[in-house]
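Before anything else, here is the set of structures, which you'll find just below.
Across the two complexes that follow, chain A remains constant while its partner is chain B and subsequently chain C.
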Partner chain A sequence: MTPAAFAAFLARRLMKAAGVVLGVVIVAFFVVRLAPGDPASVIAGQSGAADAQFMEQLRRQFGLDQPLPVQLWLYVKGVATLDFGVSHRVQRTVASLLVERLPATILLTGTAFAFALAAGVALGAIAARRVGTVADSVVTVLALTFYATPIFWVGLIFILVFAVWLGWLPALGMFTVGADLSGLAAVADVARHLLLPALTLGLFYMALYARLTRASMLEVASQDFVRTARAKGMREGPILRRHVLRNAILPVVGFAGVQAGQLVGGSILVETVFSWPGVGRLAFEALLARDYNLLLGVFIVTSAMAVAINLVTDIVVALVDPRIEVEG
Partner chain B sequence: MSAPLLSVSGLTVALPPGGDRPHAVEDVGFDLARGEILCIVGESGSGKSISAAAIMGLLPRRLPAVAGSIRFGGRDLLRLGKEEMRAIRGREIAMVFQEPMTALNPIMPVGQQIAEVMEAHGEGDAASRRARAIELLAEVRIPSPELAVDAYPFRLSGGQRQRVMIAMALALRPSLLVCDEPTTALDVTTQAQILALVRDLQATRGTGILFVTHDFGVVAEIADRIAVMQHGRIVEIGARDEVLSRPRHDYTRRLIAAVPRLAGREVAPRPAEPPLLAIDGVSKVFWRGGLLSRRTPVHAVRKASLSLARGETLALVGESGSGKSTLARCVVRLVEPSEGEIRIGGTVVTGISQRAFKPFRRRAQMVFQDPFASLNPRRRVGEIVAEGPITHGTPRAEAIARARELLALVGLDPAAATRFPHEFSGGQRQRIGLARALALEPELLVADEPVSALDVSVQAQVLALIADMKKRLGLTMLFITHDLRVASEIADRIAVMRQGEIVETGTPAAIFTRPAHPYTRDLIAAIPGRGWEAARG
Partner chain C sequence: MTSRIAASRRTVAKSVAAALVATPFGTMTRQAWAQARRAGTLTTMITPEPPILVPGVNNQGPTLIVTGKIFEGLLTYNQKLEPQPGLAQSWSIDAAGTTYTFNLQTGVTWHDGKPFSADDVVFSIMKFHMELSPRSRAIFQRIDTCVAKDAQTVEIRLKAPFEPFILMFDVTTCAIVAKHVYDGMDAAAMRNAPANQTPNGTGPFKLAEWQRGNFIRLAKHDKYSQAGKPLLDELIYRVIPDSNLRGVALQTGQVQLAGPNDIEAFDVPRYQADQNFKVDLDGWQYYGPLSWIELNHRSKPLGDARVRRALSMAIDRNFVVQRLWFGVGKAATSPISSATRFHDPSVRLEAFSEQAANALLDEAGLRRGADGTRFELKFMGLPYGEIWNRLGEYIRQQFGKLGVRLVAESVDAGTWARKLAEWDYDVTVNFVYQWGDPTLGVERTYVSTNIQKIAFTNTGGYANPRVDELFKVARESQSADARRAAFAEVQKILVQDMPQLWLMELAFPTIHDRRLRNVITGGTGVHAGFADVSFG
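Let's turn to the complex of A and B:
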């Protein structure tokens, strides 16, 4: 792809992505407004003693007395400047809470995603290469097991085995409390804490990508151009790497991009099980406390993350597959 | 006489148990001399492609060679180890496949794919391989090879891709070239160029060529010798003219007789009467692109005008992408024309509502090209045939009974009504497709390449059936085909289309003996085996 064509492609995709995020903001805003009660009544309820006048004052304070379109406009305008309002529960801006929690979630989902993709493609390739053998069966059974097992259950078993029985890895949190480590030691500490939750989250998706890669490779392997490669007198290794795998991986990466949203969703569960201090747990807590501004903020930011991952996979696929430019 | 380049004897390839015969290929033997073109001709399933794959050592695992020998360069290829065979493939024996669209890796530049042959056999370095790839592209006459070397396959036309395949096969100057239906997927003018290229190679380099095809026109054009295969066996082998003009085996005779004749039949002019179908200045523009990319118009049909008298057959001839199918679809309103007018029986049917068009759906029915994809695999044949009348209000029991009659009419067992499409062969399915169209008792039949997916003997039967139905039921027919032989056999008049325009219309005699438009002349000149045609008488 020429640089100019690539820039045009990138611009188009960025515009689409921005449109999707705007749509998410608007839909999320209305969905939260659909729930019975408003933040004012929640706060009033929590404070215990509230009369109609106090409620009125709260509504004015939060802008809830304005007509709905005006509220939406104000909210969208705020989001555009990264102002998600204030969390009434902890009395801090939603943005500051997100900035604090987001890195942990990005670290967790990013690690899980990279692991799932790398391990999944590798296992799938091995199974496809040795289709019908013991190795293939082992991979298939393994993939099916992790695919069928609920994520939270895997997490609990991992905690039981690796943290409680074997005592190899920490079960909870992101770093050792009170250890006050720095430099490489701190990195190693976080990595030790990261291992179990990332595996838990990643194994399900690894299973998915392994199955997908296997099927995709078998399909590509039966195509005419693979026969052409054999007719050239190429060895099996290069045929597999250059012709089969490169073609087979395209649908897997595309699918993984679409799946990324679910990965962020799955992280809520894992963060809760492992007490991982990410936005997932923040959302969970916000939901229980009816902290609408915070909930909306988390929702929008995670959606934006999913859109961003999608964008990245689209770009990767476009760089690998020359045909995309035409359809783009 | 020196030893032949390739000598196959007693070659037998097993089929998996449970097939319709124990062997895919049985006791096949032939010799191929240096610089000779041997054509293996046969219908689908005759074992011709399997024989070619056996020589390349590319037989699928479930089809092992169980007997015989393939002697090449002093060795028996069937006795070689995997690595020894690999070293021969691409270097000493190369192959060109049928489908240029799928035989190249879609995400690798063609130059790299050519260079891979040299790389696989340890020839040269990256720079010299690239230089050689450019040379080869020039040799197979690809325009601006320095640019083409970095192009991806989807940027090239079908003919250019096939040239790339040939360049790839020639990279290491093999002494034997195996071609498996290399021109079947190409347009006739492109086919003529590729055949010329193949013949040129054989003449200048003395390459021995094994050419697998089903097309007798192609055989007549390039073969030195011909081997005819049927049910896995070679039934006849001999010099080209010998086999073509004095076939000894009964099957060869039948095959040759089934090839439609390229004759400029003179057709009596019809009495002037209002046409049943009139197409007047019809255009169709498709828009490519979407919301955010620039929309570009694709002119599929430009200002096409035609008229068909009642009972007439008009063949619409053109190469792929000429717009002939789009125009046909406009007539039955599967596609809405962008401008122009279509009249059926004097009534304007363009621009009227779907509801108002419904009676015309009955009067104009379509037969589709692909007998495998155009029938719903989950429905019984009887239901498929009866569906049209039932939608138009015929009681179900009556429609099913009528479907059985129709199946008998098109030469199928009425019991076929309770079976599913996959239980039938391609020719039988096309009969079902015809019965489905006839069930609505149409006046106008639009047939879109109805015989191009069929073997030549089956094609002859289906063409005869269509002609018979047409006569018995007094049908008017618009027959779309890329095959001028078929057109000359079935049509009263022929219209030639190119790039969306109808460039010429006339009787077969006029088109074949006095073509007025240069494109028609090119098209006719490109028909393979025209010399043989004259000799057929």
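Let's turn to the complex of A and C:
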């Protein structure tokens, strides 16, 4: 593909992406308001006392006294200028809250993703290479186990074994509070806290990738060009790497792209079980509190990220398999 | 199928949780304790995380617990609800019961270093809480004048005597805020003030760091008015959303103190049996939380007192306390909690009897249909966690025995509050604080003048002129005896009319390492300032 064609492709896709995100903004704006109750009624409910003046004050403060189309217009106008508004409940800008919480989530899901992809493809390849052997069975059973076990349960077991019984790893939060570490010590501290949640989240996806890689490789391995390569006298290793894996990896990359799109949304379950201060929990709390602006902010950032990663996936697939052309 | 899987997953999660907390933790706990003690840092938990740390701007339960350390009220209260010194070192009430004079502590400094004075008190009462907090506003509107006589003296004159007025000055009711922070702002500006992100109080601890979703760190206020206090250097509130992990944190000594909502009621007996922990059910006298089954009198046939009494008789309150709450709490005997002033111990609810309940429904002319059902109502459970779900199941089962079919509606906290406020329910479960005095916290649920489309008013729609009148007498009498007589009569009428089905005087246990000193000392428990709390 020529650079010019690629630029045109990119421009078309970006236009579409902007359309998708605008659609998400508008749909989400109405969807979050479908839930009964509004932020004022939640606050009143949890404060144990309210009067008419109080409710009116809150609704005016939250901008809920405006007609719905006006609220939508103000919101879309804000988002167009990258102003996601204010979370009135906590009186902070949505952008600042997201910036505060996104790194934790990306660290967690990114680590889990990288681990899942690397370990999953490796295990799948091993299983496919030794199909029918004990190694294959072990990988298959492992993959099935982690695929079928609820994530929060795996998390609890890890906490029980590694944090409580063995006392090797912390189970709580993202770093040691009040330790005031710096430099390498701080990095090591975060890494220790990261290990269990990243493993918990990663093992589930690792199982998926392992199964996908194995199945896909076995399918490719039975095709004619592999037999040809073998007939030409190529050794098994290169055949596996260059002929089988390269062709078999396509569905894995496609699937990984879909999953990567969810990275920002994070995993509410894992973040909850391990008290990880990420965006998933922020979104969940925002939902319970009917914190519309904050919830919308999370939706938009998540969907924008998904759209962007989809685009990247398409490009990666084209790189892996030159037969596939990127199309607008 | 799905529900069965979900149920078995819950069971699995619970057995894991049980294993988690049943593990011995000797060494780990010892190390954690030694470390915390050396650093002078008490770590506790807060569930759920407060949205903002200025009382008045936000009055949710967790907010009041944390801000109780940052701010102070004029008074504090002991477990008999007698006022004790706070920012006021002494006070007096004149014979007519209309003039309250508070003499303030000297040498009090705000966290930002500016001196505290009587002007701050006047501002807090007449402007800040008057405009922002609905509960305080209802009472403070009785104030005629509130003036600073001098820098150390505040005089409040009421339009008419109001005996429970002296209960209005705790930090959880009327925290004193700095006038210089909010001066000249209107209500909206105070609510949105950027300064709300950096609360400025006079309390023993000041906000040092808040990483949302992670922890709130409070540090010692060096210029605290009581010399040598607080005894702790730091107080850290961890935000731990998962109850299993909260249990682990407490057991492993990573946190040394658990407050309300931290530990599930069904786990409390385990801590009561463990000699390393102290489980304190005290410290809720000022709030007197009472739970009830809330009936909407507009839904037929709940407007009939006989039906309400029958439903009340179908509930075994001792079962609720012993089997659902594992003994944490007390069966209700009256609409006024036994922790609240003017509770009449001679008042009794009609005894649990399914037979008598059935007979009463027959008498009310509500015959059973072919399928044994007398009538059907919607039931909206209280969405505050597992224990309330169990209560909901019990209520549905017991009402079912009378031929009253409850169709469960599933709601989250926001939906629940909205539907309650809109009167859009038949039967639900509710609990409210009584704030030490029936006029402050009980009256609102029963007087017909407070039937409003707002949560925690008389949403049930009960109306009885005699009850209205007795609450009015009690509100307006300055003599405690006259008030006691009125409340005694009102309690007798209410247990006959059963406008709501009182269930339990709730207790929220405070669980802490036994070696911690002076944790729960007053009538407000974990909400107090913690100036005297120490590692012993």
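Methods note: the second predicted complex is superposed on the first by the 265 of 328 C-alpha atoms of A that agree within 3 Å, B and C clash if a C-alpha of one lies under 4 Å from a C-alpha of the other, contacts with A are read in each partner's own complex, and residues count from 1 in each chain.
We adopt the following convention: a contact is a pair of C-beta atoms (placed from the backbone, for glycine too) under 8 Å apart; a residue touches a chain by one contact, two chains touch by 3 or more.
None of the values given here were measured: they were computed from a predicted structure.
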{"item": "Chain B versus chain C as contact partner of A:F152, first or second or both or neither", "value": "second"}
{"item": "Partner chain in contact with A:L296 - chain B first, chain C second, else both or neither", "value": "neither"}
{"item": "Partner chain in contact with A:L194 - chain B first, chain C second, else both or neither", "value": "neither"}
{"item": "First (chain B), second (chain C), both or neither touched by A:Q61", "value": "second"}
{"item": "Touched partner set for A:G173, first chain B, second chain C, both or neither", "value": "second"}
{"item": "Partner chain(s) touched by A:V252 [first = chain B, second = chain C, both, neither]", "value": "neither"}
{"item": "Partner chain in contact with A:M217 - chain B first, chain C second, else both or neither", "value": "neither"}
{"item": "Greater chain A contact set [chain C / chain B]", "value": "C"}
{"item": "Partner chain(s) touched by A:E100 [first = chain B, second = chain C, both, neither]", "value": "second"}
{"item": "Touching residues on chain C, where the partner in the complex is chain A", "value": "9, 12-13, 16-17, 19-20, 23, 25, 27-28, 39, 41, 43, 48-49, 51-52, 58-61, 132-135, 137-138, 187-188, 191-192, 194, 196-197, 211-215, 217, 234, 236, 238-242, 244-245, 248-249, 252, 254, 411-421, 432-433, 452, 454-456"}
{"item": "Chain A-touching residues of chain B, taken from the complex the two chains share", "value": "56, 58, 86-91, 94-95, 97, 99, 102-108, 113, 116-117, 120-121, 152, 154, 165, 168, 292-293"}
{"item": "Residue ranges of chain A in contact with chain B within the complex", "value": "12, 15-16, 223-225, 227-235, 238, 242-243, 246-247, 250, 320-323, 326, 328"}
{"item": "Chain A to chain C touching residues, read off their complex", "value": "35-38, 41-55, 57, 60-61, 88-92, 97, 100-101, 150, 152-153, 156-157, 159-160, 163-165, 167, 171-174, 177-178, 272-275, 277-278, 281-282, 285, 288-290"}
